[in-house]
Amino acid sequence: QTLTAGLSAAPSSMDPHFATTGQNQQLAMNLYDRLVHIDAAGNFTPGLATEWEVSEDRLTWTFTLREGVTFTNGSPFTAHDVVYTFERIPEVPNSPAPFTQRLAAISSVEAVDDQTLVVTTAEPAPVLISDLATIYIVSRDAGDAESADFDRGTAALGTGPYRMVSYSPGEQLVIARNDDYWGETAAFEEITIRFLDNAATRVASLQAGEVDFIDAVPPNDLQRLSADDGIDVISAPSARMLYMGVDQLEDTTVQIDPAVGNPFLDVRVREALSLGINREAIIDRIQFGSGAPANQFAPEGIFGHNPDLPTPTYDPERARELLAEAGYEDGWSMTIHGPAGRYVNDTDVLLAVGQMWAQLGLDVEVESVPTNVYFGQATAREFSAFMVAFGITTGESSLALRNVLGSFDEDRGWGSNNRFRYSSPEFDAALGEAFEAFDDAEREAALQEAARIAAEDVAVIPLYWEGNNWAVRANYSFTPSPDGRSLMTNISLD
Amino acid sequence: MVYIIRRLMQAVFLAAVMSFVVFAGIYAVGSPVDILIDPEATQAERLRLIAQMGLDRPFHEQYLVFMGNVLQGDFGNSFIYNRPALGLILERMPATLELAFAAIMIAVVLGLPLGVYAGLRPGSVGSQGIMAGSILGFSVPNFWQAIMLIMVFAVMLGWFPVSGRGEVGEFLGIRSSLFTLDGLQHITLPAVNLAIGHLALVIRLARSGVREVEPQDYIRFARAKGLSERRVVFVHILRNILIPIVTVVGMSFGGLIAFAVVTESIFAWPGMGKLIIDSIQLLDRPVVVAYLIVIVVLFIIINLVVDLLYSLIDPRIRIDGGKA
Amino acid sequence: MSLLEIDNLATHFFTDAGVVKAIDGVSFAVDRGEVLAVVGESGSGKSVTGLSVMGLIGAPGRIVGGTIRFDGTQIANAPANQMRALRGARIAMIFQDPMMTLNPVLRIDTQMLETINAHRRMPHDAAWTLCRDALGRVGIPSPDERMRAYPHQFSGGMRQRVAIAIALLNDPDLIIADEPTTALDVTIQAQVLHLMQGLVEDRGMGLMWVTHDLSVVAGFADRVAVMYAGEVVEDGRVDDIITAPRHPYTRGLIGSVPSRNQRGVRLAQIPGAAPQPLNRPKGCRFAPRCAYRAEGCEVPQALRDGVRCWRTDALPCADQEVLA
Amino acid sequence: MSDLLTLDNVSKRFSKHIDLAGRLAQKLGAKVSAETVHAVDGVSLGIAAGEVVGLVGESGCGKSTLGRVAAGIHAPSDGEVLWKGAPLEAEAKARLRIQMVFQDPMSSINPRHRIDRVIGEAPVFHGQISAGEKDAFVADLLERVGLDPAYRQRYPHQFSGGQRQRIAIARALAVRPELIVCDEAVSALDVSVQAQVLNLFMDLREEFGLTYLFISHDLGVVEHIADRVVIMYLGRVVESAPVADLYREPLHPYAQALLAEVPRLTTGKRRYTPVKGEIPSPLHPPSGCHFHPRCPLADDQCRAERPALRKVAAGRTVACHKVA
Amino acid sequence: MTDITQPKTANSPPPVATTEAPFRRVLRDFMRNKVAVAGLILFTLIVFAAVFAPLLAAQDPYDLRSLNIMDSRLSPGEAGFTGAAYPLGTDGQGRDMLSAILYGLRISLGVGVIACTAALMLGLTLGLIAAYSGGRVDTLIMRLVDLHLSFPPILVALILLAVLGRGVDKIVFTLIVVQWATFARVARATALSERKREYVEAAESLGLSRFRIISGHLLPNCLPPLMVLYTVEIASAIALEATLSFLGVGLPATQPSLGLLISNGFQFVLSGQYWISVFPGLALLLLIVSINLVGDHLRDVLNPRNIR
């Protein structure tokens, strides 16, 4: 049995250590294995490590590695390979999304024997396990391989369910079943993964039977594909939240007349803007029902989700009242910004937001900026109200909260995505607690508290969690995973 | 000789100017780091990346370093793919070239006979149909045609695959999808898409060429010699109308490579066009500059070939110095 | 029976603007070994006459009346195959502009050999020798090399000689020469005239020599047919026509030639200009310009006794008139 | 001298210079040379007031170029042009005193201007007449050249060739010239119309006391209208003589050949015995006397040495080693 | 006999049948071809619709307040939230397609015409200067043109727009940059061949000024081929703008040109909401075809070989 899949995003490299980006990782997952796995419920399960324990002082981790595992070149998997991998990661150059952060806590690694690995951290690091669940182990036979050697396949030595057959950048990746895989035998003998970034092409290819599976089904095609008997559509919510960031730094803001001041400093205004957005309509009319109204970064199922937060309901009356209360009954003029082509139907969503705010009495211009310029300008704080998204890939909300909502502080590494400069000591304190807590329950409570504070402050104006959609030919089935990746291992033939 | 030197000088000049303009342009747009960088990354990682890519240095320094490397044949690594930019482009060039070639073939093989027919029988219904078709072909935007082709031939009729390059065969050491049945199936729609505009152009050129050449005395003389109509048309007329056609086909070969940007992105054809548009969007400067330089070189080669063809077709033209 | 007999030939062009009666009443005959000069001003229909004989009138033109007998067979509007077999084999034609009669992109040998191959089977070597000898005969130095040259490598006079050589390749019975020397310089014109003179004498073929300049053929032709506005107005032996022109137009024509008149003296001139073929006078076409116009000139004239003028006998003595 | 216009040892060269690429190629050992055409090569000529000087020679011998130099359109590369003894260059007004009439009445009149602008523009521009006088002025001029003044609102294409030539003459007369350079002014016209225009020239000469430099390749025309004839061969004057003398007894071998070949309206068969050889290319003229390769009298001296233009009799000069 | 020797009797009326001015002749020849006339009528209608779009359109599609997202993707003729029917349906934002197309035509046509006119003027000026001056000026200008023409317009535009960003002014600028060279080259070529004509020499020998010769004599004679090019280039500018919009650069999303409308609707084509893409597509097609029809026939009519 073979499978041909059409994926929307091509990887930047087949080097599993090059970038943490989803499109790279979801492919690496087929070829390489990790010490620890995460199951659908978010629990850590044994991978290449069969068991692990933490010392009393919570600084030393001892991993017992699985026996009898071999790499695709036949050499056995040992602790030395793990050491090699950990040492290689910081050496990979030019990575836009390096793994270094994931190994930052580690102060040393040691292969005690072939099957025993000891990891020491400088400080107690509760997130180590979840970080290790993203590190792919490569055979030390790869030597000083460069990223290009992984593309060519010469260094692509893993222990995953598949092995690499061929890769043409931007075009396709062919992988074949790894018969020596220690786990469940893979479902397909060979998989051809084609990179089809044009949505219409992707859908047409599925319909024409050229591919059996596609991801990122454009929402507008959902209905039609569902109606097709030969095709099944699978939808799942994702952990990527779109939101409007509004500048809260100073008394004035770039896109608004200084005479008006900076209305966003007033929490009533922020709340009004949030109440003025008809999230259901956006999801229904623009996203064709794909996605869910959002109230916080972590959707249900993500560690740190606060189930008690209400979702803002569309209430233009109340919104206008609040604006009036804040002294802005006549509104103000401004341009709102969003990227063009970065998120699903992003320009349309932004236009809809503009429409809705215009109906609150604001004089809104909408500008969607090509992605390549957009983020630079956003970072340079050239926008006053702008649309961005943050997707949680680690299974918990801590990074999202720290990077997006934490007070901007370069030295501390907080608030790197806080382009609108929300800053709340309470929030920072709550989040800080979460980063120190070793106990899961304690951490969860801290994260939930932080989420609550942010929601009450209307730190950002949440829009919706993007929906993920896949489609398969009817004789295949696909089970989405919580991280929203398109994993070949989740596809099977009926 | 003079001609070749002149061409080379032009090429070097062109490449230098282009590379500077593009380099400066992309510098002006912004830093790729902002697009590339993982939202989860810290400031330290960000700075490290900027330093690694050499983006922290002043503009002129970046440019000089880049040009220095270029002179040694190194165009730098792609910011995104982390691989040599030139290699990345050369890897994808065959696919684009083969697409452009297939399109040119279609345009010429279909366009020439149709145009000659329309030129020989200007009033007939057939030729008016051809001309109407060519105006249409001229007018319909490329991307729109592509969508329609996919809709009709791939999705509705299922005759051709929607996307991709298909199987690649090897013949005489050249790897191309033109050598396999599967490959041919795959290339048909994109090649047709790319060809339509140029087909229309070739038809027009052929038609006006015939209308120009036919009343000439040497065609009359050929007829007066008692030659068969076939020989008159295929030898005497055709040879004479080839010049403008070769020019335009040659020029448009470059254009095709560029227009492949649209076709490639719609048909998911793994060529340079798709790469370049992504690269421009992601500000992958080394790739964009390398691409342009490769294009300049291609253009020079094409122009040379066209000029050589000229002197083959038209003995009056000498390579070094225009008309004799 | 003459070699070529044209009787009341009419060829019209059916254009958008109306029917252009290019020729309308052309009659004359050419015998073997005879040189007939067809003389007339620009637009009088000389070339159309020649092309009509060759069957080379293309759309929108058509022979609409009259007969052309070649060697006894009627060939006006003959089927294409029949004409093709005659053209280049038994009737050959040479055109005015030597720059344009040879196909610029084909080698001389190609253009010569195809003329032979179109009409008879012959081994390549023999055909080649034949061609080379033909070139030699028209006075092209080192014909072996020249066979491989392209037309642009020849001067105008040489090209015209090559064209003549091609016309002679298949030993035609009749040659139609459409102003073959008009574009040439005096000394080169003399070379061509010399050549043609020799050929006609040696081979005894018929020659129809079209020209607008009576003096060119004065010492060369046997007979002259004078054309005006699409019809032959006078036809006779060359000496008779020069010494005693009988049609007023012929008189004017001869009177206008400067070298015949004394220096500095006003030239005899015909007022006005030849009528446009779309709106010609109803009756005698020359009447509006005619000095001897009288009542009775409003009816179309017939060619009687070699003149198309009913008053020819009433005209004053020619010599007196010219000096007037 | 009382000459109106004097050309003193005037030369005109057209050269294609070598560019940077060419020089590079030269360094690399390629044969690259600047190509220079000596269109006019050391010509001295005086034109007296009221005189008609005929300038004859074969195509490409530099007649037009000389005419343009004389009219001040081209600056000479060497030598001097004097107007009434003073350098022509210096005086803008003097240049208006010399006007040209060109060969092709189709291209010598701006097709987009109405006749009144064609004729009236320059005098108004130079302030010779006021804008208000223009209409009457143009009407008057049209009448003088034999055209109905009512036509002055028409466009050039609405006139026949002869009429257009009259318009061109009127345009030249409009700025009150003293010398008119007629460059093949009647060559493109039919014989009957040519006679009309020649007559007009003669009439105007009398009426306005004009001086002509009358360029033509038609010896008959020149004989008719000129007082003195200058014969050029490949950029040089070979003979200059009063018209009667020259036609009675040409001295230079080239002049002899040329006059022998002139077609004449005479009766009786005539043998053409042309000079052999082609006209050499002005790019690579023969050494010594340019005519030597075709000259029956040529010897070593002719091959090596350029013959000077010598005075052989009153008003007669010849450039030939062989003429006593 | 007197008439034979009397020179001034050449006053016979002009034998040439046509008595109209060149422009009228062109017009008459043009009118003879029905297809071309149809193209002209169509083009005039489109221009009319574009110019008066604000009066004709039911809605101002650029005004966010007048849009209602609840009305999005209504099929042609369907009534919306507020009860008003949309003759050609609505797009994903709830824009009335008819209004959007009218406004889109306005933008597309405006961009094409303005850009081409500017490019024509620039190219013409430079081309004429190059042709008339010759020498170094000529070389310099022509090298520049060569440089330009050896780059496919779409690439130049893509890069330029990446640098400039979005906006009507920016796309107009880009189109000018992309097109001037073509005009310059053609202008120079025609000017060079016109220059060889003797009427220019005649003007020189009449002592007219340089400026007058270039502007009064050369220029009008160089215009016909340029006018043909101009029409064709307008069409190609419009198509290029559409392509660029399709590729996501060029015009801002709030001011959709036809190209942008098509591209926005592209995603809906396969899902059945054909009207969002097809109607603007048809409008674009009609516009370009009509321009090409006019230009094409103009070429035939202005062909010097047809002018007798």
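Labels for the chains are A, B, C, D and E, by order of writing; each one numbers its residues from 1.
Simple rule for what comes next: contacts are C-beta pairs under 8 Å (C-beta built on N, C-alpha and C of every residue); 3 or more make two chains touch, one makes a residue touch a chain.
These figures come from a predicted structure and were not determined experimentally.
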- Chain labels contacting chain A and also chain E: B
- Taking a step as a move to a touching chain, how many steps at least join chain C to chain D? 1
- Query: From chain D, which chain is the farthest off, judged by mean CA positions?
  - Reply: A
- Most widely separated chain from chain C, with each centre as the mean of CA atoms: A
- Message: Distance between chain B and chain C based on Cα centroids, please, to the nearest Å.
- Response: 52
- Query: How many angstrom lie between the CA centroids of chain A and chain B, rounded to a whole number?
  - Reply: 38
- Distance between the CA centroids of chain A and chain D (whole Å) is 87
- When the centre of a chain is set as the mean of its C-alpha atoms, what distance in Å lies between chain B and chain E? 25
- Message: Which positions in chain D are in touch with at least two other chains?
- Response: 160, 162-163, 196, 199
- Item | Contacts with two or more other chains, residues of chain A listed in rising order | 200, 204, 341, 370, 372-373
- Residue list for chain C, restricted to those that touch at least two other chains: 252, 255, 266, 268-271, 273-274
- Item | Of chain B, residues touching chain C in the complex | 123, 214, 216-229, 231, 235-236, 239-240, 313-316, 324
- Note on the structure: Within the complex, chain A is touched by chain B residues 29-46, 48-49, 52-53, 77, 79-84, 88, 91-92, 147, 150-151, 154-155, 158, 161-165, 265-268, 270, 274-275, 278, 280-283
- Message: If we count contacts the way the header does, which residues on chain D are in touch with chain E in the complex?
- Response: 68, 71-73, 92, 95-96, 98-100, 102-104, 107-113, 121-122, 125-126, 146-148, 151, 154-155, 157-160, 162-163, 166, 168, 171, 175, 196, 199-200, 203
- Provide the residue numbers of chain B that touch chain E in the complex, in ascending order. 10, 13-14, 17-18, 22, 25-26, 28-29, 132, 135-136, 138-144, 147, 151, 155, 254-255, 257-259, 261-262, 265, 276-277, 280-281, 283, 288, 292, 295-296, 299, 303
- Message: Using the touch definition from the top, list the residues of chain C that touch chain B in their complex.
- Response: 51, 54, 56, 58-59, 80, 84-89, 92-93, 95-97, 100-107, 111, 114-115, 118-119, 150, 152, 163, 166
